[in-house]
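My structure is below; once you've seen it, I'll send some questions.
A, B and C label the chains in the order they appear, each numbered from 1.
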């Protein structure tokens, strides 16, 4: 049964680009997560995987991102594939000489079976996928646009714990206005029923009114709160994020809000519960106390990170038609 | 027959450095191209190649070049080999501390089976090959000197189409004065009989008189033209190039000539023919209209690029004695 | 017998971090060197090794070092393993955004089986090993701290030649005050009996009094000399080093001492002998004349460099439990 379902998702994604979370219907997610679980068993298995044996995946990162880069590089190699790694091509001769993204992508597709692109411009991954006529493209983050593999790993991490993506109660903390990963998480949960999120942030970092209404309209229940005291004690997960210094023109403003909501042992004791998990997309710069790191509920380092690799392994195997 | 001929070229190139197009006699090219064709079948074959299994090739690039770098990296991995990749060693500690090219090369030859070097100084690849006593060296471009694998892929692309390298009629457009790839192409065609090239460029970007006479003397027929109207309608190939902005001290001068000769749909319709191919060494910055890209005669993106990988696969297999 | 001894060292080092030469007792060194010798046979063997098949090793280099980086990269691949390579993560987004070393290490340990770290701060490798809870860490140099694989390859090179690490007579030349590799070599020889070192350096670059007494106390005999004429003619090895320009505030002072002691053909003829070896940790900037390079006693390029790869292969196989 599981096998045939995976075959059906495979049929759907073989040769396809992975550009946005929007491509994944609830059933797709279910199947992807089932495959991701298999990948978890394959990685670090004593017997090396040969699933991508003979496949070359180009990682072309216009914007460096050590974690996403390392995760994709490891994902390819965990499956026995090889990578061609190009970092900062804009400082390389061809791009510096005025080569367009189109030409660069069409050059690199000639060498490989799939392209993973990270770029600082919104929409660039979509453009790259339009240019690449013979190989699938994965969006590894296009500026303030999308970063679908991050969104998928967050949803997978919740699903892995609770075995469902509906009927969830979550608390989201930090920079809710700008946080791309938060927006994606909300979007993802909107695909399922009866989810509720408490949003805890400084007033200046709340969702825009338009976004708030848009998401509500999609069926999720959003509740903005202003103090830790309003955190519901029965949440399934807390999803904390960094206040993004680079978004502030006025650094005084940043200093005022950056440490407003910190997850401490005490906060977790007072408002958390035993079954919840504590997530963070990383990097973290102080908004979760490090003395919580070894708490088994803290999944941000370790499980959540590893899930990113497993999700990427699953996606690569899917688009390359190897499952 | 083919096999024994390849064995003979193998005998000639095993353990040898690839520094210059001059190393290749017409018969060598014939055999190399026959091997390159085999490589084309090996690449992207469902069954992974193990030809370079256990081989490590060091790519040491003093001057970044995303395309050449990616092409060599992919070539090694298409054959099941591994790379050690060193980019910008001059910003690395040892070289920054004053280490000579000689010592750097002798360090890296200790770790691998072959070295591919890209360097900004003319003659550096030859020097590197002198220093490396135990492994072969491939020149991946030494400044304004040579870039033999580029020259070979251009010749291969023509040969693949017409199955010959003599009796050809070509049109070369762009910066004929400075274009290294054009000079190499002319050199290569000089090895064969009855070739004619029409050279279309702004007056200031023509061959020097000395170069013109030198090449003519080698047996090729060169005809300088000044207008698109003089393009012969029965050419076998057009080879277009970028006007190299970085060569101009006076940017006004550059602006005057950069867009002088552009390949448009109209030009191709008026002066082209059905059997010809349109080549470009890349990067391109406007001298070929992008609406020609999907024309089957336009081989610069796709076939010509892929041929670069196949040629490099063939050369690596040859010098490592694996064919 | 040899096998069981290696098994015993394996039992000791499996899953362990390699942070310092101090971890190696004389018997450990003996066994490590026996394993290193096997690695020498494995490298460049016609039959590719699969010892690390399925293993991924992350190389995270905060401070670029082409030689150490290349050597580790090649070591992993010589054994059939794969690398995830992260260079200059401090210029990457996460670290630039304020991520701690702890979080970075815990992210990368999620993707791999072992981490090799090079960092500019003393103690950083130890810290990294504390943070990494699931994979072993190898110190590839932590600023002016330790660089154990360099120390081990130096000792191995001597042992390979003389089949012992006691009863040796050596001459050490260059920057004895600052040279990390010299300090490590002295430390290593202190583990064995009846070793004597003549120390030849400008007065300003001698050992501190404290270091001198400390080492003497450990059982090695140190003799400071001021002129080439005092070099003993029966030395087993000369270990020469670069005067480290970057340590001098006053460049005039550097100019005064940098070329004070140069190994020339004449010096080697007058004070050397047939059985000795001439070592250098590299990079070299003139303190050994290049016309000595092809002398069979000059092991610094070639054998000593290759030994670094073999030592790293052996250590990787040990900590990953593959021998």
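Just so we're on the same page, a residue touches a chain if its C-beta (ideal position, glycine included) is under 8 Å from a C-beta of that chain, and two chains touch if they have at least 3 such contacts.
No experiment lies behind these values; they were computed from the predicted model shown.
Peer 1: For the Cα fit of chain B against chain C, please give the angle of the superposing rotation, nearest 5 degrees.
Peer 2: That pair's rotation angle lands at 120 degrees.
Peer 1: Is the contact between copies chain A and chain C built from the same residues on both sides or from different ones, judged by whether over half of the numbers are shared?
Peer 2: Looking at both copies, the contact residues mostly diverge.
Peer 1: Where the CA atoms of chain A average out and where those of chain C average out, how many Å apart are those spots?
Peer 2: Whole-Å distance between the two chain centres: 40.
Peer 1: Mind pulling the chain A residues that touch 2 or more other chains?
Peer 2: 85
Peer 1: Could you please specify the touching residues of chain A with respect to chain C in the complex?
Peer 2: 44-49, 63-67, 69-71, 73-74, 77-78, 85, 242, 245-246, 282-286, 290, 293, 301-302, 305-306, 309
Peer 1: Looking at the complex, which residues from chain A come into contact with chain B?
Peer 2: 53-54, 56, 58, 82, 84-86, 89, 91-95, 97-100, 102-104, 106-108, 110-113
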